[in-house]
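Accompanying notes for the structure given below.
When the chains are written out, they are named A, B, C, D, E, F, G and H in that same order, and each has its own residue count from 1.
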């Protein structure tokens, strides 16, 4: 059988600052372990979108793995970076927490301390007051805002703080939510400038965007 | 040519409280005047979605018409009802004003006093504070909230007041707004209960919903 | 781990008249019980979108809970309000009944007596005659109309009664129904003014809209 | 230049009963005349979707053409068939009349007498009573039902008559009508069996379906 | 509990020729039996969209039921009509057979003899030659054409026969088929006039349309 | 003003065989001429999607340009390649001809002789017989099939010939055609294997695919 | 029961070069075996989209079958053709491998040697360098490029090689991937000319397109 | 007429760092001037999405305005901030330049020096090499990547640099581009982590996101 070997991209971290990660979706236990093992030869690894069964398998195979069961993530081989900064993760509801924990894990992998601020949706506006105060008090802190349904929370936060808001729409909701479409469109059409958006349920991507920004502009 | 005569539905007002209105879209000047004239034999008439040219034609044909140029409406033969109540119309931006004026005109036709509160979008949260105070101070007042883009304003108002919020998405915006789809989905998926939604750009329908509610529950 | 505490919004009922409810979707039994318990310290609670298994768990944990198995709801700690009014719930088919029962439960929580009128779809027009007569005979009564497929029933009812019609599209149907999209678009584009629409399958939201309207305009 | 000659399909009428027609959209005046002339060598011709300017051009080129300006159609060379039957064309509103006239013209071309019943939408249910009575009194009569917005009229008619209902959604409406999508989906998802649907704004196709049915089953 | 009784619409058959049918989707065994039993007091009944488990239950409850397992249908109490005509059912592939059998069963209920012609898709054009010949030889025969994927078969048949073609898109396919959308749009946009379309996977509706047409025009 | 110079990619032809072309959409006359002039220094140029006004401008600026007014293309500086082969271009209707002429021009630019076979849609199946015979008689000939509406012609041709069919959906049609979506989905879901599809209205891209295939496999 | 016999289209291979294949989706084990057995009387057979259970059943029924478990395919009766050429299959990620293996199997059935080059996505641009070199070194080799998510890899390859690129979007991804829609649209809108696209997840169709092209142009 | 005064939100700049801007879409000349004048009392102003006619009007009213005709922007009253940093703006094609210039103008308003790098699309990969080198050489520089069609350029850049990439999809393209949808989905589904996306054609928003990031993280 003619074939090019599948090889991991272990130079990626040098090139763009973010090492190759493992997306667990549709991967067999065997392939998952193989992918992690190969990358571990070169650098520490983060795995995302693990099912509960996959979490158990990773845990049994890599004893030192730091698991985040709610977020469906595993960090193996320690963090990739250290002491980069702090970043608040705000969610609209409690159902958004798995995506928030995916982001939190990823931040930790990049050496950014996550500050969790969950269930602060626009149905209870006052609940986000302390978050806004914290962000205004610490102007170098990052912020990720995560919401499903109508996705209004990023606008609400962004109009009160100076940070760039990374918005994560989630598939939380039902009916005309259409698996996150309503939150995605809401965030893209925000009337508050300074919000940028990642894919639906992409907590990992949001943390990567924050990491790149902190490294790029914090190093000036 | 075999044909059933086209006849206006002049009993409608008796049946469901709202007399037949004239939607001007795609109507020739001649047909517009004919439709109004026929209905005028039975009751006063409101015309909606008039273009500027149609506004001029209606004005020249019906001297007593009360025109709302911005809203694209005309009321001919006086209001349909009197002293029904008051209703605030809130818009997120100035571009939503034409739809707001369509709603205002319709309210006036139904004997409801419109209170205009324009350009109060979530980009400037504090701008809606006085509106919320007014609505809390006058608990029998109605409220219509009109917004394009992400359509977040209805949630923002509804979480602070006790009134039922009639939300009107508008086609204001560009790009992934998709002609009002983002605002429509945002409003339908609001996490604040007690909001109900009418068609994109349907200021007339919002006012009708308020009128029906005031007549139904105010009469108890 | 740096973190803001998750806290229930127990002031919401004072602010906008509707206390925080619990949406059971994707909640573990443990989190469900925790959420209810926390809110119960401040006010009675309604839980919606319970699966059958969740219904059993809630029942076993909160002995006094009033369960509505068909509607997937639970009321714990008694109703939130009393003697607010009466509201008819009309459905097009029998498959819409779970959403109707969600609405009925919610109305009961708000002290509104639900009058069930199920399976009155436009395929059998005469079946809705008695509903129309009842609504005309009791002009202060509210009405919620629930339909899947083409969603034509709200127009049919609204043209014959004076009440504001709260329309609930359901995901009942198949093929080009596209999970409720056809019913949703049908209701939004109704040619009968005075209908407003909530999210697909949102019986809870419809009841909240009726409650707000009765409290707002009935108090004048 | 190597090329196959473009030739009209003048055998089509023999094969499937419906001769080739000319769709005027995007055709230059010259090509329009050429297409008609070529087909006229073999059989009489119907042209559809003519703009006003194209109507004038056809009129000036083919003196004997029977024009339907509202419907945007022309019949040249007389009807294709004779004494086939009668068919009612019902529209929901007056804005649907151009599509209805396209259907009426086409019926006339096929030797079917059109009976026009316009502006009978569900907002005024009683207006369609006489139509229903006529259809019940003449059980061999065909029926085409044309509606925009929510497209509810076909269901309303079909539940009261025994005829097969050919439903034509139109692009009449605005906002979430999405150029006729709401009417199309509404008709496809009708809960009344015995309705079949043609393309948005396709009055011609509806008449062809009726003609085929009358020829096929009327000849038994 | 205030409530209107749910009652079957047993007059429907007299009104529009088609008695109320039972759609099994989401119905419990108990409710299914109840619905059938109630209607059986007045007329024979057809049940559609039965799962395999529902088929077994119906079979055990109604010994005389004529089951069509592939089509997911049951006829209880004998046919509704007799000796109405014959109708060919053409499918593009073998995966469309369940929908075809649903149509076949429904035709039998209405006293129309179904002639099955399966797996005649456009990938093997010659396979439909004998179908076309049969339809041309028996001009009073009806025809239903069922296809998934690109839904091209109705055009292919319709251009060669004089019958009105009732087209049924199916959800057969994958990828950009989008659950039948590609077949649905293909059929609606056919360049062959005289095709009309029912909902995706609606074999029942197609048969009803044929029955209405045969009764209406065959009786002249 | 800090800026990187805009420079044409004149090495592209060497790299992937197809030199950079100029897409005229939204280009001013001045920029159009500038873009062509720059590329002409290195190789002959094809311009596509020219409006009628742009055609005139190009003609006046580049006297030697070979214009295809119907196709909206211009070739300046002679063909890019010679004697590569022959390719038939089939269209379903006459309205597809502009896209077909865009493809024809592009083929000529690449030294492929286009053989035009227009207006061969599935409404007149026999019209494509001679095309099929020609393709079977010349098995090295390429074929591009262009269709709007339901886009069924590529399947029809592909099942009768051995060539790879490059299918071009066009935006020809109206209503649920949705600007070419129905033709696009139809072609992608074809049940005949061996069809591949380019963007809606992309005659240029289809010709490029044929050119690449002829050069790649013809050189073996 | 009146019925046309279902018969396989065993002449298809003679007509268009590609014998009828068996698509396993929704087929029972019994029907699957029956379909294969019938075709085997005339020619060797390829079966696609087999589930794991179906793979086992085919294996047990046809001992000589060559199974590709990852690709969900089976070849029974040996290849259809021999020594036709070589074709590289490039995938963006490891999750695209099942579709790639479906293509590889199909190529083998057609006598084309597949060269696998997996996990070469644009996140690691350098990983595709050797692929580009191989394709440039062997200009008669075919290429299929398979990608999910944003589907950018075909553009990336196509701009560096002279081969016609057959692009296969996959449903790999989540969120606004919308089951492969993002990859499909990305590939159709590529700015690199010479790419043509097959249905989402259609590895079989891509191989058929390559086979047709090699046979057509390689025979000149 | 009861009404709340429309008032500009001149405190916004203090709150979230970005002063209120004027979006010119659908604004009359008079309202445009009024909006600018009111804001000018408090701070300098940027106007976006100006048509050519609006550009002329603004120019004549505000002599000191710095106009960007291509970008449709005006800056009146000088920049809002100074010496904040540098940011590269990369576009895929020349048609994306208007959106790029909107971004450039906005950057200048915020005191960020824009470095233009236009027409670097993936069809000519080597053209972006110097951009990548520049970004790697100046790790504190920001980057905005703008592309229409398949929107592949952000992935291509992001995998080679360490900066956070702000991606702007444009409506450049035709056919299945669907007004920018293909580019938007492509960017959201990028397999390169660290990209975040703003609305289609939103050059202004991209610049605001960069400004917020530079101010937030550059101040640490």
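Following the convention adopted for this analysis, a residue touches a chain if its C-beta (ideal position, glycine included) is under 8 Å from a C-beta of that chain, and two chains touch if they have at least 3 such contacts.
Treat the numbers as computed from the prediction; the structure is a model and nothing was measured.
The set of chains in contact with chain C as well as chain F comprises D, E. Traced through touching neighbours, the fewest hops from chain B to chain F number 2. Between chain B and chain G, the least number of touch steps comes to 2. Placing every chain at the mean of its C-alpha atoms, the farthest one from chain E is found to be H. Comparing the chain pairs C-E and E-F, the larger number of C-beta pairs in contact belongs to E-F.
Taking the mean of the C-alpha atoms as each chain's centre, chain B and chain H sit 35 Å apart. With centres set at the average Cα position, the gap from chain A to chain F is 44 Å. With centres defined as mean CA coordinates, chain E is found 25 Å away from chain D.
Counting partners per residue, chain A has 12, 123-124, 159-160, 175-178, 181, 184, 188-189, 192, 199-200 as the residues that reach two or more other chains. Going by the touch rule set out above, the chain pairs that meet are A-B, A-C, A-G, A-H, B-C, B-D, B-H, C-D, C-E, D-E, D-F, E-F, E-G, F-G, F-H, G-H.
Residues of chain B that touch chain D in their complex: 1-4, 6-7, 9, 11-12, 20, 23, 25-27, 31, 35, 49, 169, 171, 179-181, 184, 199-202. On the side of chain F, the complex with chain G involves touching residues 12, 15-18, 21, 85, 139-142, 158-166, 184, 188-189, 192-200, 204-206, 208-220. Residue ranges of chain G in contact with chain H, taken from their complex: 92-93, 121-125, 149-152, 155-156, 159-160, 173, 175-178, 181-183, 185-192. Here chain D touches chain B in the complex through residues 86, 94-95, 113-120, 123-124, 126-127, 130-131, 172, 174-177, going by the rule given at the top.
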